[in-house]
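For reference, chains read A, B and C in written order, and residue numbers begin at 1 within each chain.
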């Protein structure tokens, strides 16, 4: 439905978007994820029509929209600051776009009522924006941008201003509304948890370039680069040289440490530098040496207790730290492992990912 | 971000032209040789010379400066006290009346204030002169000072004063050692405002001054009533020049202190990082 | 105790030099003119005790106020002051709004300088600023010279000593009072609101009328009052730029006092002017309060 074709955007000499191509499909909940300054907001502003690409095309439903001004696009945006008109009531804010369309009065009030119901704001229709809570404001902004039934809804850090608990609730609400309305949603966020929760597909961006576009689980379990692996979730990354052994690779990564074995479809030449990423929840920790692949000995130097899980920082003889996570399945005051314990960590050959770059 | 549109450019250009061209013309024609002010007859500074010879103008200027100095100084003290009372004292007897009396002179037409003060001075038998002028100017100027200072006091962090009290200051010491240095810029601009208002005032001065205490605005007014005069052009140029230099100096000083502050802060950050 | 002194000194000062004088004005407005020093009767004579006070009160009356209603000069002057103040407030808004708007849209690093340029004339003498227009607007003034030279007019226009000169003078001197409150509203206008309006289907122009202008309204109202209220009692501008037909109440009061030496009538004129001013002043206060609450 949306197609970016070799889009480049420059601000002066700064390249915000570098020759980027991307397809977004109908009824999709798509997330643009990246650190601040990576170009994700610029992407969205180009979709809304507030910025024009320096080069390349943007198509919506097969039609080039680069020259269409923002007020003529079937695209609506929910602003990071919500941008609610302070002089208008909740009702009038939601009706604002409909009135511009010249819709009949009774149709407008029916549509506004529908939107108020959808966002559970019926009781607040006559209030002014400063008379309602932050979460309610967020819903007004959503209702206002959905009122015109746009083909595409853009959400700029929609939950950034809410506290953690409200944010989690609202994430599910957003998904619910997206499903009910069938609108294509494009969300911009720097919060990876948010992107993973709400989106059906995620694009990870860095410095104006798409690093990876895939479903949340693919991004998490099969990142295509160190950048993506590191950006999403916790990870330990080791550097070494790989050698093919049958259908597996053997990674020599440190003197005095046994090589790491990994399954990978990657083609890596003998002796090439490559990287190995292992996530802490996939690492087991034992008092006694287990019989398995990838067994390393070390000492517990730090414990992070989070209630449901504990993270152990295990330092190996060569100074490298490996993180291992354990579920605290039993209620006991006594921790199974404590500081300075000598322990063994291990994981199977399918748990880690071999990365070429 | 956004480039300035043509409309905005035009609005600003025309607007500033409107604001400044009259004064520029005044300055240019003060160097006019001819006595006919609207006809240019060559460059000359003779009107400045004749101004310097005009004892009446010099006397009036001296009266005006003295009145402005004394009234603005007293007004600053009274206005600061009034602001402090309004912001800090909470409720007290007559508070509404008090704050009403602070704000009323700001919107009161000068003719009414002047008339009222004159009738007061006459009914208590006070002869009109420098003293009545100072009293009159102090009264309306203190209200301006109090508005300027109280807007600064409103954003003042009260815990600073409490910290001073906690460390052993009396209330007066806390004010002198902590509050006053912090609100000093507002107090100074209040003084400057009071000073210019006093220099500028024609109407109230006309009511409250006596024959021995004619101020410069009264003198200017009675002479321009008869029409444009090159001497007044010269005098205006001098006054405009003083203001321009003053404002320029003030903005340079404040800009320099801002730059220095930023440099200090940057240096502190660097020192911390090192 | 110390605290009390802090407010007692300025409080007393204002009582004696601000409130009491107004009571005196009110009292004299009820007195009769007399060829005496001071030129009005009755005089309060406290030496005769209570009967003196009663005699004094008995002689006060509203004669001067009745006089104001009978002589058409006065109510014409009030009406004409209101008209001139209203027209010039509107003209000031017409000139000031685009400037405030352009300033708020100017580059961030230019704004302090633009702001200083707006405030700078305020520090120069009011009298001189009004005076500077005398040379421009006269029949032989610079404006007429320019118009003649350009061939736009063939005979000089009579502008000085008409109401038009008064309007120009008021717009010129009170412009900063209009620009500053409007600018401060526009300056804090969130740019995202305009983008949101465009996103919801507004053109640039309709976004201005539906979003920018309503949101700048408190500034517009404040600016209008700040121009209207002082203009109503203006004296310098009508007497220097206006003509004999320019009727403004400030000028009438001045002449009543200095030329006719009719202090009771001058006082009555002042009292009525005050009563007229109370309405806009209260409205202005309400507006400021509402704005302060909206910002809190």
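Assume a contact is a pair of C-beta atoms (placed from the backbone, for glycine too) under 8 Å apart; a residue touches a chain by one contact, two chains touch by 3 or more.
A quick note: this is a predicted structure, and the numbers were derived from the prediction, not measured.
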*Listed by label, which chains are in contact with chain B and with chain C?*
none
_Farthest chain from chain B, going by the mean of C-alpha atoms per chain?_
A
_Distance between chain centroids, defined by C-alpha means - chain B, chain C (Å)_ = 18
*Distance between chain centroids, defined by C-alpha means - chain A, chain B (Å)*: 58
*For chain B, what residues touch not just one other chain but two or more?*
none
_Touching residues of chain C toward chain B in the complex: what are they?_
2-4, 6-7, 9-11, 13-15, 17-22, 24-25, 28, 38, 95, 98-99, 101-103, 105-107, 114, 116-118, 120-121, 123-129, 131-136, 138, 140-142, 145, 172, 175, 229-230, 232-236, 239-240, 250, 253-254, 257-258, 263, 266-267, 270, 273-274, 277, 281, 284-285
_chain A to chain C touching residues, read off their complex_ = 48-50, 69-72, 75-77, 79-81, 83, 85-87, 96-97, 100-101, 130, 144-145, 148
_Looking at the complex, which residues from chain B come into contact with chain C?_
2, 4-5, 7-9, 11-12, 15-16, 18-20, 22-23, 25-26, 29, 37-38, 78-79, 81-82, 84-85, 89, 92, 94, 97-98, 101-105, 107-112, 115-117, 119-120, 122-123, 135-136, 138-139, 142, 146, 171-172, 196, 199-200, 202-203, 206-207, 217, 220-221, 224-225, 227-228, 232-233, 236, 239-240, 243-244, 246-247, 251
*Using the touch rule from the top, collect the residues of chain C that touch chain A in their complex.*
190, 192-193, 195-203, 206, 210-211, 214-215, 217, 294
